[in-house]
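Below are two complexes that have chain A in common, paired first with chain B and then with chain C.
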Partner chain A sequence: MIIGKNISKMFRIPSERRNTLFEAVISFVKGGRRYDEFWALKNVSFDVKEGEIFGITGPNGSGKTTLLEIIADIINPDEGELIVNGRITPILALGVGFNLELTARENVFLYGALMGVKRVKMEDKYEEVFEFAELKRFENMKLKNFSSGMNARLAFSTAIATEPNILLLDEVLAVGDIEFQRKCMAEINRVNKNGTTIVFVSHSIEAVRDLCERAMFLDNGEVIAIGAVDEVVNTYLNSMAE
Partner chain B sequence: MTNEYELIIKPKKGLFSIDIHEMLEYKELLFFLALRQIQIRYKQTVMGASWAMLQPFFTMIVFTLIFGGLAKMPSEGIPYPLFSYSGLLLWTYFANSVGQSGNSMVGNASFISKIYFPRLFIPSSVCLAGLVDYGIAMIILVLMMVYYMFVPNMSIIILPLVVFVTFILASGMGYWLSAICVKYRDIQFILPFFISLLMFTTPVIYPPSMVGEQYQWLLTLNPMTGLIDAHRACLLGHQPVDFATLAVSIAISALIFVTGIIYLKNTEKYFADLI
Partner chain C sequence: MFSYLKQVDLIKALTASEFKLRYRGSLLGVGWSLLSPFLLAIVLYFVFKNVFRFEVENFAFYILIGIFVFRFLSIGTSVGMMSIINKAHVVTKTSIPREIPTITTTLSYFLSSFVELLILIPILVFFGVEIGFPILLLPVLHIVYFLLVYGLNLFLSAFTVYYRDLTQIWEVVVNILFFASPIVYPISIIPADIISIYMLNPITVLIEMYRDIMLYNTVPNIIEFGYVLFVSVLVFIVGHLIFGKLQSRFAEVI
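Right, the complex of A and B next:
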């Protein structure tokens, strides 16, 4: 269960880029305006019910990923409050936290630790991970020798194996071949049946319509529509048509 | 569904937002990150573990030639190579830990911007992994002690304390520096220079008694003074451990560690925005 109340997030876009202490001192002495404000999210309120698949859609730059990063506790909102009930596994990009110098096997445990999952539990899930990813033969190969597709398969199945209460997915299924995408979709539906809440972010309206029950349409950081997926999709298509 | 994982995310304010429960939840991660660094370091290098010995060993040779041979540096009545190596051993651990942990946050930018986990563990794991190098480099010291026939006395029992405090101090400095580095990237370039200067203001290769009486207090305020001194005294047993100076070191190390945690915890919410 996730409840967001009036969430706003501002990014400061430096008028002149300052990355060093030296530059900071100079511009402090010179004074004047240091950055432009950009509100990536404005007063966003929503709720995701336990056990549902919730879609967030909108054009590029509408704040979808920013919102997902706030839910995942990677960035902090400037205003508002978010209540998250359950352990989250974010998949904002596949293979994050993987280290190319380690073997596939070592990376599975590393990822588990990054997600706060005990090693013992990852050991139980170990066979499943490699079976699903169809990579059993390569378990002792270093990740740097993996193809990007193999990497994505391993990452997805490892993430699923951490058994989160809430799974955050950001356009990740654009990788891998059709066969694997279909398999991922089936797996997402399966874990959802077992009680995992899923937040799915995509600019692909078809993907959202196929997968989600409820959805939210964001544009320029504001909620345009929220509710049953069909209504939201219609609002989206109408706004695109204008 | 349990309430065990309830998380409330809002604009963070307040000085003490340290979540002990979360730390325990993720405790395996600290060892995992440290293990990962050790694996990567030793897998990729031809020389492997011997690198850990070579750095302090060759530094010792150079200093022995310059200071022991040419400048006739006093060394508390013990052979100069043994004197300088027993200092350099701990100093190398400290300097490498501070240098690497200072850069660690920026170096791990790719996953800081993608997943959440206690950021504190990034610099901590660097300092933890460094202990392996310290252990390996210790072999040389043991060999040198055999060669010069030095037998440690009872004070050796405080060695774990000295190493632990050095770990605390290096971690504390790592918290401060890694968090500052995220905001000001030029710190990365100043850091190695600063650390090498720091070595000459610490009695690593010279005895503290060489410094004039009126500056002794300044030397004591450097937390590495008491640690290097106690490290040498407890290993070689050539003089009693100076507990007063060691106590000052412990107090300052603890202060840097605690303030470092508070500073990092209060700035980490911006990391993903800046990195």
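Right, the complex of A and C next:
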């Protein structure tokens, strides 16, 4: 269960680059720091109920990923508060933590460790991961020789096999062919039935409509609509039509 | 502050993969990391033996141990300070504690350095150096040394996220430290009026203690050990405090 209350997040966009100690000294001498304020999220409130698939949608730059980063405790909100009940997957983007120089096999265990899963449990899941990803033949191949599709399949299979309490998925269906996308959808539904709460972020309105019961539509960092997925989708489509 | 240390499985898995990757695909493995300090030691030996004419017993091994010990600090920090910015994706896309990349990098160099010192022991014995039970203190010394290097790395890696040119500044500091520590010369050349300041450098005391157990077959002075332990624990704690202050905006700044 996740509850967000009046969450706002401001980013400072420096009007001058200041990446070195030298530049910091210079700009300190010249006086003041100059930056523009950019509010990526404004007063966002929402709740994700236990055991549901909650969608977050909106056009590019609407604040979807920023919100997900706040939920995942990667960045802190400037205002508002977030209450999380349960263990959230620590990994936001699939395949982060994969090391290209290691083999697929080694990477699955490394990823499992990053997800906080014991090695013994990962060994149980091992066959399942490769079967689902359809990559059994390539288990001893280094990841740098994988195609991006293979990489995404392996990442998705590993992430889903760890069966966390709360799973955050950011644009996961963007890669992979239709066949695999369908499989992913089915798998998301299956782990959801097993009790995993899922927050699904996508700008693909179809994917959100197919998967989620409830959803939220963000635009320019503000909540335009939140509630049952059909209403949200209608609002979204209407606003796009304008 | 230290709760990330509970994630033993994760730290172990990441350290192991980092350690393995460093030597994968190289024919000599650890051999390579021994070659360069050996060559450096040989060059420095001839320069300081023949030009400066220092008379130190076992001068070649004196230098060799100094260089091997100093390497953990110089390489460990120069790589360790990059540990956060080199793993930007871990910071921006995961909520894994930010200390994890720094501790795993430091640990993997700690292991390398320990293996290097272990390899040095049979070489010393072969050339007639007497090694006895004080050598059993090697792991203890190295763990204390680890606390120092890790504390520095926490501070350096956090600051490097904000100020990238710290790497160049630190390079200079390490070079100064190399000559401010008794690696290529005996402590006896230090003038008496600055020796008390000179001995405040924990690296100096550390190197002398490694020589005690590896070259002189004696147990290090307990007061000196206490001093190094105190400084190392202090750096370790201050490193955590500074890292904790700086880490909240890592994901935005990096």
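Here, the second predicted complex is superposed on the first by the 237 of 242 C-alpha atoms of A that agree within 3 Å, B and C clash if a C-alpha of one lies under 4 Å from a C-alpha of the other, contacts with A are read in each partner's own complex, and residues count from 1 in each chain.
Here is the rule we go by: a residue touches a chain if its C-beta (ideal position, glycine included) is under 8 Å from a C-beta of that chain, and two chains touch if they have at least 3 such contacts.
What you see is a predicted model; the values in this text were computed from it and never measured.
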item	value
Chain A as common anchor, with chain B and chain C clashing or fitting	clash
Which of chain B and chain C A:M1 touches, first, second, both or neither	first
Touching partner for A:I70 - first (chain B), second (chain C), both, neither	first
Which superposed partner A:I83 touches (first chain B, second chain C, both, neither)	first
Chain B versus chain C as contact partner of A:T20, first or second or both or neither	both
Winner by number of chain A residues touched, once chain B and chain C are compared	B
Chain B versus chain C as contact partner of A:N220, first or second or both or neither	neither
Chain B versus chain C as contact partner of A:Q181, first or second or both or neither	neither
Footprint overlap on chain A, comparing chain B with chain C	11, 19-22, 24, 69, 72-76, 88, 90, 92-93, 96-97, 99, 101-102, 106, 109-110, 113-114, 116, 118-119
Chain C - residues contacting chain A, complex	7, 9-10, 12-14, 17, 21, 24, 89-96, 163-166, 169, 248, 251-252
Interfacial residue positions of chain A with respect to chain B in the complex	1, 11, 19-22, 24, 50, 69-88, 90, 92-93, 96-97, 99, 101-102, 106, 109-110, 113-116, 118-119, 165, 195
Interface residues, chain B side, partner chain A - complex	1, 3, 5-12, 25-26, 28-29, 32-33, 36, 39-40, 43-44, 110-117, 184-187, 269-270, 272-273
Residue ranges of chain A touching chain C (in the complex, touch as defined)	11, 19-22, 24, 69, 72-76, 88, 90-93, 96-97, 99, 101-102, 106, 109-110, 113-114, 116, 118-119
